[in-house]
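First comes the structure, then the notes that go with it.
As written, the chains take the letters A, B and C, and residue 1 is the first residue of each chain.
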Amino acid sequence: MNTPLVKTLFDELRKMPIIDPHTHVRAHQPVAQHLGDLLGYHYYTELSNSSRGKPVPLPDDPDARIEYVWPHLADLRGTVQFDWMMGISEAFFDIPRGDWFSKPKAEIIKRAQQVIQDKSYESKVWERSNITDVYLTNQFDEDLSGLKDKRLVPCLRTDDLVFNADKAASISRLEKFTGLAAGKDLTTWRAALTQIFDNFKSWKMGYAAVGLPPSFIIEQNTAEKAAALLPKIAKGEILDDASRRIWASFAIEEITRQCERVSAPYCLMAGADRGVYEQGVPSGQDLFRCDAHLRGYDWLLNKYANVRFPFMVVSDTAGLELAAAGWIRHNVYPMSHWWYANNPADIRRELRRRLDVLPRTKFIGFHSDGYSLEFTLPKFNTYRLQLAMVLAERIEESSIGGTVTLEPMTVESALELSERILLKNNATILGCR
Amino acid sequence: MNTPLVKTLFDELRKMPIIDPHTHVRAHQPVAQHLGDLLGYHYYTELSNSSRGKPVPLPDDPDARIEYVWPHLADLRGTVQFDWMMGISEAFFDIPRGDWFSKPKAEIIKRAQQVIQDKSYESKVWERSNITDVYLTNQFDEDLSGLKDKRLVPCLRTDDLVFNADKAASISRLEKFTGLAAGKDLTTWRAALTQIFDNFKSWKMGYAAVGLPPSFIIEQNTAEKAAALLPKIAKGEILDDASRRIWASFAIEEITRQCERVSAPYCLMAGADRGVYEQGVPSGQDLFRCDAHLRGYDWLLNKYANVRFPFMVVSDTAGLELAAAGWIRHNVYPMSHWWYANNPADIRRELRRRLDVLPRTKFIGFHSDGYSLEFTLPKFNTYRLQLAMVLAERIEESSIGGTVTLEPMTVESALELSERILLKNNATILGCR
Amino acid sequence: MNTPLVKTLFDELRKMPIIDPHTHVRAHQPVAQHLGDLLGYHYYTELSNSSRGKPVPLPDDPDARIEYVWPHLADLRGTVQFDWMMGISEAFFDIPRGDWFSKPKAEIIKRAQQVIQDKSYESKVWERSNITDVYLTNQFDEDLSGLKDKRLVPCLRTDDLVFNADKAASISRLEKFTGLAAGKDLTTWRAALTQIFDNFKSWKMGYAAVGLPPSFIIEQNTAEKAAALLPKIAKGEILDDASRRIWASFAIEEITRQCERVSAPYCLMAGADRGVYEQGVPSGQDLFRCDAHLRGYDWLLNKYANVRFPFMVVSDTAGLELAAAGWIRHNVYPMSHWWYANNPADIRRELRRRLDVLPRTKFIGFHSDGYSLEFTLPKFNTYRLQLAMVLAERIEESSIGGTVTLEPMTVESALELSERILLKNNATILGCR
């Protein structure tokens, strides 16, 4: 590794502002109120659960959550997940990571809590992170009309209208929120959906999004069958698997039409197998399948040629398949490095592929997926270091190959490219305001 | 990266002649006649189509094709695809890549056209590329008896006899070309096929080849069913999917028998999903599935133990599965880095795997897949740089591990190995003349 | 590459003792008795078979086996497989690798045979390898009560009770070995199984293990159906595929219960497709599928929450899926780099992933899979070099990123981590004595 060159790039990347195009940050409480909100992030609870050899249920109380994870932290040293917590500690708490293992637990907790409870805390996190925009994950019946902070971008998560329509009581929630009898017929359901999208549009939404199971195949021409399913869902029946796929296909198409109507992208997040690990902590029960392919989206992507589809995959195996789709399809935009694929080895490979084969305008660099604003900075730093390594390698390759072989790359042009994928593409693809 | 060592290797690799074992070069017009022939290569038209956010049909006129891609070229800077065009510009047009973005478009086009239209152009491309052999892609009813240039190696592309037998009107074309009533019965169809192979053999063919869809499973004992399908194909009926698989299985086996008869390899090119992106430009509508496996070929590979099967995969995911097949099977030869898998990250990984686990006689380094001879050199240069990086790493590893751990590698032995996979193996595996 | 740093790490790693947690070493003859035992290892016979262009049956005689592989050795130079043989030659025979290609064959064979036949040979291999524990692969009807060498750890390979129950004549062997009428009913079969596990427990077993085909899905509630299959198996009938899956599911669950009873791990080795290459040499007929996923184990892993499941995959594609399972599941332990995935490129990627996302207590570094004790050292050296490269990279990254980005790593802490995954985790996960 050309460490001076990587360091030069990394230091420059760290000076850039951050747009975080997908998070689970709470609109009205972006930062933690308790250290247990941070150590209770599923990355720590699940690793603690998996470290202890036998499953132990996760407590709700934030103090108890700290106790839940604390004994296992030493075993997590060296992992990226733990690095994110340590980055928070160093950047916002001013507690060096070494202190976590050399000072008493009570002292660390006390120092962290003091910082978190200080009234300057939220603004400190914003400032030290240099974040300009944070995309949220909002339910269809959230009222965001009071949201004043323009850095927070509402995004409509549609899972509760699609795969979870039955279990999430979506019809009664729709009826309550819109005042329309959404369970009566598809026409009224569509009217309720239109109202939801009008709301989000008025709040300057970023995009709609949906999580999709591995190798989902969207069924065509489902309206008639969906009409028959609507009363069942409205009554609270749980759908069988085949019916679930039909309703999901129908709802995805309807939501895509709404995206077309209001000119919003529909972000597809493909590949998670939900709830397969019974003894897992909340958000720590999902895995993926390495054989998950993307062929089942062709019909939707072809039919709705005017809708932009930012596209994430949870597996590493679908990485090149997604890059190829972004390469030839005009409306597929490979997005970031998601969940299990968000680790240095897989980031580096996927990033290099995208830089090598995609128009620089066709992909989005990174998002944090954080549940609290504090995670944005350390997660971006993990990515920035891998980006710096990939760019340094490209700079060295271009110095060897000469202009007859490849585009010359300098620190300056590498940073221009980074700005494109980390900042500008969010604006052009997602419509960042 | 040990840049001096990589540069030493790269510079030596560039001095080697090139055998290009798979191209779509036109037998009677190997080089471009117009800049639009080069900028009209699907790599540029598809990336332009995918860059503009909405699909626009591709014009036929070569000048109009230049207009089609030109506005998008800036967004392609830094991609390998664009590097190939720039390599052509630098190596054959003597136009530095910087000029493309600093000089007027009209000037670049004019300078390029002047070079292309000069009568020395074709020989200049041959000489500057230092190409000794170029394998072609020929249809069964091409007449290559007049082909004088011994550097051009006829290869029989069999897709129109296999998966496209119905849509490509293969029976009437066979009848017209051979004078035999190929649609009458399988015996006559086989006689026509024999004539085709005799022709190609007399032209000193390289190999027969066929493109195969993802996870194709060859059906056994299909002659009787194929006999029933033949009249339908002859009449121009379009086969249903099940019938298509039966006919394809039958035809593949018959062609394999012909390969055995004339001692030619049968090159299997597995994994492309044709025509899935409706709005794509020509040759820009195909993708692949990451779950495509190779288990469906076992029966064929086992049964025809005397036929050599050079084998390409379009996906990255089947890379190790293919390497493992080349490792234990005596008649499978992993070949090059094809299409979407032909990018630096995937080349480097796959190449390292093959070097580490395969007998050095068992795989073929690289082919260009170019539609015009100009693409051979820049595509080989992309590969050569990755090869130089992989070899430099191996040299460094051997200096660390010592002879007790791994084979010492020097620049000299690395180049000997390169000559083996890039030149000699084409002769031993493909029968390069 | 930072070669001095990699060398420092590699040299330190080579000083560590070795625990080899999975081998096929013979309990009563751990080392070779003839050079043909080593050159007859399937890695050499299969590569020789695959190198000669046409299949030739493998002779049984060890001298004849040497003749079988010898002509092909030159083509294997540079492969890891050949490096293992050369490592043996250098480390134990004191024959430099260069001599194999510069001295007469007869001389090499004679020198090697002299060393092998010397009575100090076995102890020399143990000492020079610095091996403290070697896990074996034992059949259920092996009698290991006389095994005196405490470095040899019995492990119960259960394939002959599971997928091969019919072909391996498991019932008659069970009856002969236990004296119980195992074919009479499931109760007696279970009693026989209990006796087997009691035996292995008394011999201080390491673990039970089973090989599983690609994408195997364990069927639930199979006892009734298994009861109907038992008499068929007892009579020597060969099961159809559906029945085989039922019996296998039943047997896996019963064995898992025994593992729970005696507190032994059940090592799952997933993904090999057995016998697909007809002309292959023994142990050289198996391949894998790149689409093999791990979803079919969820039910077993969830239900037997108290059993530890060390888990290997033969494919590269399931690597991240396995890492994710080890990340959230409390009883899945990703293990080593198995078979086709045991090559430098795939080791390096997988190792980096595991270091980055898994608690350091959750995975096992490496095993040799060797058939003779001599292979342990050179195979570990291949791994150690890749480990050194991964750790050096991490050390450099941490020097660039600073403590705000990632855990500082030094040579000392890197070696501590190595000791954890190579030595300590064998004790905590596998119960190394």
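Miscellaneous remarks
Convention: a contact is a pair of C-beta atoms (placed from the backbone, for glycine too) under 8 Å apart; a residue touches a chain by one contact, two chains touch by 3 or more.
Quick caveat: nothing in here was measured; it's all calculated off a predicted structure.
When the CA atoms of subunit A are superposed on subunit C, the rotation angle comes to 120 degrees (nearest 5). Copies subunit A and subunit B of the same chain sequence form an interface built mainly from non-equivalent positions, shared numbers / all numbers used being under half. Averaged C-alpha coordinates give centres for subunit A and subunit B that are 38 Å from one another. Shared interface positions of subunit A, defined as residues touching 2 or more other chains, are 1, 291, 317, 349. Residue ranges on subunit B touching subunit A, taken from their complex, read 1, 3, 6-7, 10, 46-47, 49-55, 72, 75-83, 86-87, 90-91, 96-98, 273, 276-280, 284-291, 315-317, 340-341, 343-346, 349, 378, 381-382, 385, 388-389.
Residues of subunit A touching subunit B in their complex: 1-2, 215, 291-295, 298, 301-302, 305-306, 308, 317-321, 323-331, 349, 352-353, 355-362, 393-394, 396-397, 399-401, 403-407, 409, 417.
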